Each structure stands twice: as structure tokens, then as C-alpha cells.
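Next come the structures, one after another.
In the two assemblies presented below, chain A is common to both, partnered first by chain B and then by chain C.
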Partner chain A sequence: MRSPFRPDSLPDPAILDNHRPLINSLERRGLLRGGLSLGALVMLTGCDVKRPEAVKSALLAISRLNDDVQALLFNPNKLAPTYPASMILRPPKFNAYYDVMNVKPVDGATWRLEVSGLVADKRPWTVQDLQALPQSSMVIRHICVEGWSYIGGWSGPTLRSFLEHVGADLRARYVAFRTADDYPSSIDMATALHPQTLLATAYGGDTLTDPFGYPVRLRMSTKLGYKNPKWITAIEVTNTYPGGFWEAKGFPWFAGL
Partner chain B sequence: MHWVNVAVMLVMITSGWGIYDDDVIVRGFHFSPFWRLGDWAAWSLNWHFAGMWFLVINGLFYLGYGFATGRFREKLLPIRPAEIVRTVVDTLHLKIAHEDITVYNAVQKLLYIIVILAGIAQVVTGIAIWKPVQFSGLVSLLGGFQTARVLHFAGMTVIVGFLIIHVTLALFVPKTLWAMLTGGPKLKPRTRVEGGHAT
Partner chain C sequence: MTRAAPLRLLIWAGSVAAAIASAHAQSPTPGGMPPPPGMSLAASTAMRFPQPVRVGDLVGRDVLRPVESQDVLGRVRRIVRDHNGRIMVVVDFGGFLGFGARPIVVPIDAMVLLGQDMEIVAYTPQQLRAFPTFSGAGVSDAAGDTVIKVGLAKPSH
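Coming up: the complex of A and B.
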């Protein structure tokens, strides 16, 4: 295919000669140069690249835009691949913002799950209450933002059944979590209602052990590892952006897979 | 488009190294902080996910332009194996024939094709490891999440390898640099047969 920018025929040389000075001053590169310096000027005035905070706020603005793009890419009916139970890693990989030695076990007998925000029934939940809900299981790949991954088997009620049970406003934007290890987190409602979003109480068929979030933690097949809080103590349904532990330090909020 | 690509590629490569360093693929192999864009992984990630838009948009314009104008076919094809061997031998004897910088030799053609394909592959493997659930079919096509991740890393090494050769050779023939900054020498209006009719 020929260049769309190339004329079919050359103009009459006499015309070119008559306008030679004008043609010489018309330079495509001049326009490019001018455009570049104009662009540079705009960038310098709009955003001082010498200040790291300015760069970071620009990056965060793009990250928030990416959150919206990720929400658009999220298909609520798309299930993550599942694996045979024989592939489950035992025990699962521990990861937190502190060492496994510093895990503070939660007493299941006295543990209560607070429910707040846009819900009809705000009564606190016990471990038995969670066990009374219909149970689901899934063997999925856990993917960490760092790059490592492993196959894990999780069971418990779906977050959807829990939200329906407490009469949550399912049109609300966010579901927020607070935890015993001070690791706030939040997710979008579409992901909260996904069939592979569990309030996990068991791993590989056994009750969760202390380092992995006993008595209950979030496990989603559609988000990165850091979006899955352990030792959940409170769930809130809200329209106000709740943020999260790593999100406050710069990591993307949506973090969808 | 080339200089936008230079900036974006440097952003993507160095921020990628920052992300890589959190969980290395080659045991014991780290990138020192000097080479990493972003204070730590979160900011490397933000750089990477900001840069990707510029990479893809600029890349689409470049590919669209290259195909639509026939520039790729004209400049990058054909490649003859004998020519490749001859050019490599010449280059090893430090005989770098580049009198006419508007014509690429066989090795140049091959390297440019490789790096263009590597760039496209980086986008594909990048999408796979960014959205392994939404594009799970693509991930299994690539051999699984960890394989896709290693392929993404391998694509980077191909591009970095190209960059080392590309920049070194460009410095050997300084007039190419000037051409790259100014848009290249003005070609004399040529009588050429294209699409069946002479212009």
C-alpha cells in the first residue's frame, strides 16, 4: 500500500519556484519542534517533575483510572480456573506485613463479627452462625502482587450469601473489612457478589489454623493476595471509599485478576 | 514515535525490574536499586501500569503506520540468509557499511523484526499476568501463570539485548543519530513503480 501522505503527482515546478521562500519556511520538523517545546512547557508548569510528590500523585491518578478500567474488565460471571484437590499446597504460604512469629491468635469462642453500614440486620455473628450458612469450596490459584503463586483449597459461605442474609444493599459500591491484625481492606460490590468470593473458614478441608486467619478470612479467586484480609472482625457495606492497608501505601485498590 | 517509545520502554523496563525484585525468577539475581524505577514495588507497579497505556497507544500507531504505508515491507523485507552471514562477518571485522542509512542490511532487518515481535509479545504476556482470570484462556495457551511470567521476563531480556546492540551500533555510526533526531535525509523524488502505476 502506498503512503497516504504521498501526492499522486508532483506539482508544476513553476509554482514551486514562485513560492520557494514560503515553502522553505514551512517545515514539518519546525512544527514538531514547536509542538515538543509546547508539550514540555505544559508538563513543566502543570506538574513539576523535580518534586517526587507531584510524580506520585500523577501516578496515583492513573492508578485510580486503572481501577475503573479494571472494574470494566471484570466479568462477574467469569470463573477462575479450578484445580484438583491433590494440588493443594499444605500448609499454605504465609504472608503478611509482619513475620509469622508475630501472629496473634484469635479466640473463636469469644470472637464476634460486627456488621455495619447499609445492612438491615446489624446483629454480630458467631462462628456457628457462619457455619449455618450454605458452604462452598474452591481450589484456586493464589497470586501475590510480588509474582509468586500457589494452589489453595478454601471453603466457607460465599460473601454473597452472607450479604443477602444480613439484608445488605447490594447496589452499594463497597464492602469494607476490619481485622484483628489491623489490616483494613475493601472491595467492590461486583467482586463481593462473585461466586468464588468466600468468607473462608477452612483450608484443605480442615478448620483454618491461626496463621491463616482463624476463624474467618476473605478468599477471592479474582483478586491479588493482598486484597484478602485474615482474622476479619467487622464487615461494613458502604458507598464511601474505605481504602485499605497497602492501598494507603500506594498499591492499586482494585487489584483484579 | 521512536522517542516516545524510548522513554516508555525505559519506564517499562526499569519499573519492571522493580516489580521483579520482589520475587525473583532467576535465583539470586537482583537488579540494584539504581536501575529500578520507583522507590519500592508499589511505585514500580504504578509506573508500569501508567507506562503500559503509552506503550500500547504509541505501539499501535507505530504498527498501524508501518503496515498502512508499506514501510515495514519496504524496509524490513526480504531477508536473505546469505546476507545475514555476510553482514555478521563484516561487522565482526568492524566493517560497518552504513553509507546509505535509508537502507537496512539483513541483520538490521532481522533484529528490527525480532524486537517488534518481542514488543508485541510483551503486551500479550503482560495482559496474561495482569488479568490471569479474565483472560484465563490466554494464560493456559501460554502454559500457565508462572510460565507466562517467565515469558514476560524473557521478552524483556530480548528487548534489552536488542537495545544494547542497537545503541552500540548507532554510536558507531553517529550520522544515524542525527537522522533519528531530524527525521532522516531528504529523499530525492524517485520514479518508482507502486501498486501498478508509476508516480
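Coming up: the complex of A and C.
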């Protein structure tokens, strides 16, 4: 049967002869090769044990692009889901880059929070200073990159109120943290100013206990768990990319939810 | 090369980047280490920053093995006090998909909290298999609102 798609008038077969060299160069294989060249390059460099840093830098460039896209999509006014207080897991789930036995408790009486970078007031803070700021509470889900989650209830001043209080330049790009357990971390200013970003000092209505970051830790509803440093000892407002503990090992920096 | 190809390539490369990152998710120090040889269970719990928890909140929790695969060893059935007043956990141990499990009694200090789950850190599955089946004799239930202290561990994966 004649194909219904066959044109009524066929082109002159001579056209094939006229364009023979062009048709010969139209190989499917060539197309495939062309389409895969970048992927093939990545795979080949992956096999080249002498230059793993080439692969790493290519993949990190893509990770940074992902960070930029996430920052673009971030809505500073959109709130993450919250839960009733009855769903708070007590005690919360412990995690760190070391086991709980290696936790080094911080003495709240001698603890000071250093403030540096693009801020007007660089006086160190005490626990009482933090308690004097207006307090917020939120019951949010803690979501770990490892695949687990739990619902936790956190209280403390918002990072925004802290930054406003010290006269931080709110147009700066980054807020960086240093901690007593040598776990540097940093976040974008938009997330730092989000209403669900707390300098948490309490869990489930009680003062934070030692393994969970006493006297103060970061808790954000909009980022993965590893972006929430515990036992914070210093906060810096900066325009220079500060990185972080896992970020230096290849984890995404923005890590939004 | 179609217009969609670069996008697909980007997604592919992105997923490779994610895979490389998760290869690092292994933390340098494992969690849920057994007590050092010769150390009492109570002393090892004291090292694990024991936290207050309601007895009633423990019943029904999965009990995991502190290894990377986090095999489910059983489930918390009851919390009891033995004749010395020590808190013990009755675990429905073993079986397959809940069938064939038998209750055994594990001291609370042999276990840790792991978020919503618990782990038995002081005994291997081989040792637990040799535990006698719990008969219910000589113990009393701990009231649901009793607050006890249980050690912590980081996830073992």
C-alpha cells in the first residue's frame, strides 16, 4: 500500500548526486560523538588517575551553578511547613562529623560570641545578651543530606534580629560561623534574614543540652541539616566566600530545601 | 545535537556531582561504637551524653544494629524494672518481617537513642541470639511517664 505520507511529487533524484559529499559526512555516529563529547571528556578524565582534580573542578563548577540557581529561586518571604508542638522529638537526633563521645561541652559562663566583619558593633556577646533579644520559636523538620529527618522545636532570637542589633551590613553576601568543634559554616544573606532562621538557644522549651550545641546553634527551616553549625563561637558578615566544613569536601554550599 | 541535549548533559553531570558528594557522607568517626573492653555499661552510657526521655516515648521504636546497613534487630515492646530496680528494655528480637520474633531483655545502658530509633551497641547479634527468651517473671512495668536517661550515638551510616 502506498504510504499516506508519500508526497505527490517526488524530488528529482539527481539532488542526491549533487550533494553526495555532504550526505556522506552526515553520519549518525558523528552526531552521537558530537553530542557525547563533553560527557565523554568528563568520563575519560574520571579514568585518568593522574588528573582527578580536573574532574573535581568540572563537577564543582556545576555544583556552584546549582547554588546560583537555588539562590535565584529562594523566596525570602516563603515559610517552610511547621508542625504542632506534640510532634517534637525529645530528645532530638544527634549528628556530627564525629561520635557523641567526642563532644566537648562549652561553658556558658565563660563563652563569648565574637562578632566581626561588616558590622557596626563588634563587642562580644554573652548568653544573657542573646536572651535579651526578642525570642522566636518554630517547630520544623530537620532534614539531613544522609536521608533521615525528624521534627524539632527550636527557640531563640532570629538571626535577623541579631544582625540588625549589631548593625550588620544587610547587603553583604555572606554570614559566616565558626564553632567550638571546628566546623566552619556559612550562609547567604537572604537566608540569614529569613524569619525561620534562628540562633537557637533552646529545644522543646528547655535550654539546649551539650550534645545539641549549647549555648547557641543555628537552625534554619530552609536548608539541609549540615548547614546548621552547633556551639557557635563567632559570627562574621562578609563579602568573601567563607566556605564550610563539608563544602570543602564537595558538598553543595547553598543546600536549600 | 538537539537543543535538549545540553540540558540533559547538565542534569547528568549534576547527578554525578551529587554522587561524588555523597561518597564523602561517610563521616570520619563511626557512631554507636561498643563500650571499650572492661568498661561497665553504666560508665559507657555516661560517656554518651545521656538525655532524658519518657519511657512511653520509647515503646514501639525500631531497634537497629550500629552498622552502616542499620539492620533492624527488633522493636521495643516494653520498658521494665528488674528485681534490682534497673531499667531494662524488652525487645522483640529477630524473626522475619515481624514473624518469629521472640522477646529478650536488654539493659537500657546497652542501648542508645538514635533519633526516632534505638540501637543496641553493647552486644552483637550473635550474643543477642544467646539471650534467654523473656518470661515476664520478676519484673515490673515502668510507668509511661517515667523519665529515664539514655545515651546518644551518631548515625552509623
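Going forward, the second predicted complex is superposed on the first by the 207 of 257 C-alpha atoms of A that agree within 3 Å, B and C clash if a C-alpha of one lies under 4 Å from a C-alpha of the other, contacts with A are read in each partner's own complex, and residues count from 1 in each chain.
The rule is simple: contacts are C-beta pairs under 8 Å (C-beta built on N, C-alpha and C of every residue); 3 or more make two chains touch, one makes a residue touch a chain.
Because the structure is a prediction, the values reported are computed rather than measured.
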First, second, both or neither for A:150, with chain B first and chain C second: second
Let me test your reading of the model: by the given contact rule, A:63 touches which partner, first (chain B), second (chain C), both or neither? both
Regarding the shared-chain residue A:73, is it in contact with chain B (first), chain C (second), both, or neither? first
For A:249, decide between first (touching chain B), second (touching chain C), both and neither. both
Taking the superposition as given, does A:211 touch the first partner, chain B, the second, chain C, both, or neither? second
Pick one for A:257: touches chain B only (first), chain C only (second), both, or neither. first
Could you look at A:83 and tell me whether it touches chain B, chain C, both or neither (first, second, both, neither)? neither
Taking the superposition on A as described, I'd like to know which of chain B and chain C A:99 touches: first, second, both or neither. second
What is the shared patch of chain A, the residues that chain B and chain C both contact? 56, 58-60, 62-63, 66, 145-146, 148, 246, 249-252
Given the complex, residues on chain C that touch chain A span 1-2, 5, 9-10, 12-14, 16-17, 20-22, 24-25, 27-33, 47-49, 51-54, 57, 113-116, 151-155, 157
How about chain B: which of its residues touch chain A in the complex? 19-20, 22-23, 25, 41-43, 45-47, 49-50, 53, 67-71, 131-134, 136, 139-140, 145-146, 149, 182-183, 189, 194-195, 199
Chain B partner, complex, touching residues on chain A are 1-6, 8-10, 28-29, 32, 56, 58-60, 62-63, 66, 73-75, 78, 80-81, 141, 143-149, 221-222, 246, 249-252, 256-257
Please name which positions on chain A make contact with chain C in the complex. 31, 34-35, 38-39, 42, 56, 58-60, 62-63, 65-66, 89-103, 145-146, 148, 150, 209-211, 246, 249-252
